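The letters A, B, C and D name the chains in turn, as written, and every chain counts its residues from 1.
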């Protein structure tokens, strides 16, 4: 999902605009998170002016309704391109290709809705990995400066992005020491390996809750639940999986 | 600024909470950006549940009012620690030290406001550097997949964080291909060097608008204005400075 | 629906609070309208700190979720009492009686959810009447002062409240020259009579779109649609009805 | 203040729009209340799609900024007409006359800002009367049905509107059992008489806090403070006045 004509629009606001853009971006994000959640989807920031949603099980007509709702509440419109793939990486690639094709033909696209969803009889599965850092508060938040702890978060963000991409998984930062990955096709054993590798190279001990379900929101919920399971000491493993199909 | 008791509070929401947290974080951020802007300050995300504000010229009493406004609109409260330093890094370090000290004594701090502002006769100066990537849309957005372009943004985020930190400057990501640094004490010539170094090592051509003024918002405005100046071809330089004292 | 302990809470905000209350009330209303709409319900202001929802077809568990959502976004909580009746007046009466009983026993009720919904096999029907004034803009908005036109709106509000109550219907003001009534059991012929009576006594020509359906939102939509039908001159009647069961 | 081209715009939303309009109206109102409060003004609903602000001491340039802020956050724009008068009624009359004149010449006005503010050396005074009902909760809320108590509120709203208008004062409903009047020129003795008259004719015992100051927000604060003064039993009078010039 992308804000239409965002660059040129921002320039109409004059120089004293940065705070306005931050407000618009966050309110738009909050609105989209809300709307997709009500349809059992999840939304992530891609680059603030762009967002990626996991919309398994949500028909195109509902995507259109969400678009309309944005147009009715905000001074900007958004375009959406929907893609399907074996892996999340492949799905976003297809959505991007279709979109970039249109962008070359249409001068100023507005409220585009292109691409295709899964057929209704095959809603597919969503696999979500929810990472966090063991004892982040004790280790960093309470002993280092706020910016130094953010620096670790950013370094980890970059490293996890690269490591997950090798497995065609998409990674997003969800605040605090939380990272969420959409990772269909990634076996739990590889998540464990990745955690060991991060611990060795960066000295940062992670754990990961995995959730698998028919919709993004349910998979996210199960991933959070899995993470709590580890946090509460109910398993010695660093990775736990919950499935609900 | 930090949300008080955020971790434990989030757990009271049950497993199906991630979308609620995203909504809360973004609405809180939007609110704080708005309130600080009305006092001529600026706010940046540190780790979504933590924010850093440049509050030069804003008295402690106004910080308190902003805290109260949060308590009156949100189900959470925030604590603030205010620090002063020769460089932004030093200022956040002092604010963190004072805060971490209190955290070790107070079990569950709520609505803390600690630290000190500049004396009124010396509001000091704020220097803001606003970076963006030349032709990001043409080079990446329109030719690569959305996630690949976000990957570049993240890598650059990490690199700029490290490079700016060497100069005791704080860097933040403001969406799209925009990075904003609070960088008192950093001479423009070093910004130019940094741009060359990023171009050589990563092949990413940056430009930087610099603004210097008495308040964060004004400095931010001038930095944006400087960037527009370069964008419009009014200078051949990759760095432009505007001051208004 | 009522904000819990609102009076005492407002006093904690100090004297300079009126704008904060207005903001809270409107944001809470917007949130509740949104949440009920996503469940096909409708919400009306009763007295700003109290709201009345038509929640046919929405199970108690969803009412509970909506309550939770408020607690997670706002610094206040709300209580709900749900009533069922042959007429809207009777339904609110039952909901009030049950609620007032509890209030006498519980000192400071928080997040109460009491009462009962319709059994699942009988979702009942909702009848909505949407009134507006013919040519209000031409007649009053563009010729009289803003306050004089509001004065007419208020007088009409009061008159319609009384007239509809005779028929056990509830009336609400929805902005501009729009009034919406929940009016199960009221035959269209009585709406026509009421319109004639208002025209004679106050010289204000009304029209009314009526919608009947299984849910509040759908009935509201049909009522709006009926009103458009009259507005577009597709009928000479002042009342039009659409049903969709 | 009026939403530009609101009627035609709402029709672009289709029939299923009522909840969207309610959300937009409340969010716009919350935004305007916030912005005017930050400039020490106050805002009241006139007819949801129209609002009246007391903007003493706020220059036209700030009105313009507020207009821009709306255009940058909402899918609609607003027009403003500013009037000055000996009484609030006269001020709104002048603002309306100027506006209605323009409306007859301009087909579809957008973001109009017309009229005039007080000269800077004469910011004038604002007098606010804040009414509420004695023991409303005990008398009505806890003993009658919610709708019956709203009915009393509406009747009182209509009566107070008429009574205050005789004195060229504007009255607004602020939620619960609270009414706020802008009433320059009205002596406290007349407020007392009005209260007695309402008590006799309707059996509803009122009290009134009056605030007088240079700005709307300050006058409002003092009025609320005066009301608390009576509520706490510090005076036997039904009317109390606080001035701060």
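Basically, contacts are C-beta pairs under 8 Å (C-beta built on N, C-alpha and C of every residue); 3 or more make two chains touch, one makes a residue touch a chain.
Values in this document were obtained by computation on a predicted structure and should not be read as measured data.
Participant: When you check each chain against chain B and chain C, which touch both of them?
Facilitator: Touches both chain B and chain C: nothing.
Participant: Of all the other chains, whose mean CA position lies farthest from chain D?
Facilitator: Most remote chain from chain D, centroid-wise, comes out as A.
Participant: Please tell me the distance, in whole Å, between the geometric centres of chain A and chain D computed from their C-alpha atoms.
Facilitator: About 44 Å separates the centre of chain A from that of chain D.
Participant: Could you please state the distance in Å, as a whole number, between where the Cα atoms of chain B are centred and where those of chain D are centred?
Facilitator: It comes to 38 Å between the two C-alpha centres.
Participant: Please compute the C-alpha centroid of chain C, do the same for chain D, then give the distance between them in whole Å.
Facilitator: Centre separation, chain C to chain D: 22 Å.
Participant: In chain B, which residues are in touch with two or more of the other chains?
Facilitator: In chain B, residues 23, 27, 34 touch at least two other chains, as defined above.
Participant: What chain pairs are in touch here?
Facilitator: A-B, A-D, B-C, C-D
Participant: Would you pull the chain B residues touching chain A in the complex into a rising list?
Facilitator: Contact set of chain B toward chain A: 2, 6-7, 11, 15-19, 21-23, 25-27, 29-30, 33-34, 36-37, 42-43, 46-50, 52, 89, 92-93, 95-97, 100, 103-104, 130, 137, 142-147, 149-151, 153-155, 157-158, 161-162, 165, 170, 173-177, 180, 217, 220-222, 224-225, 228.
Participant: Where on chain C is chain B touching in the complex?
Facilitator: Those residues of chain C that touch chain B are 13, 20, 23-24, 27, 69, 71-75.
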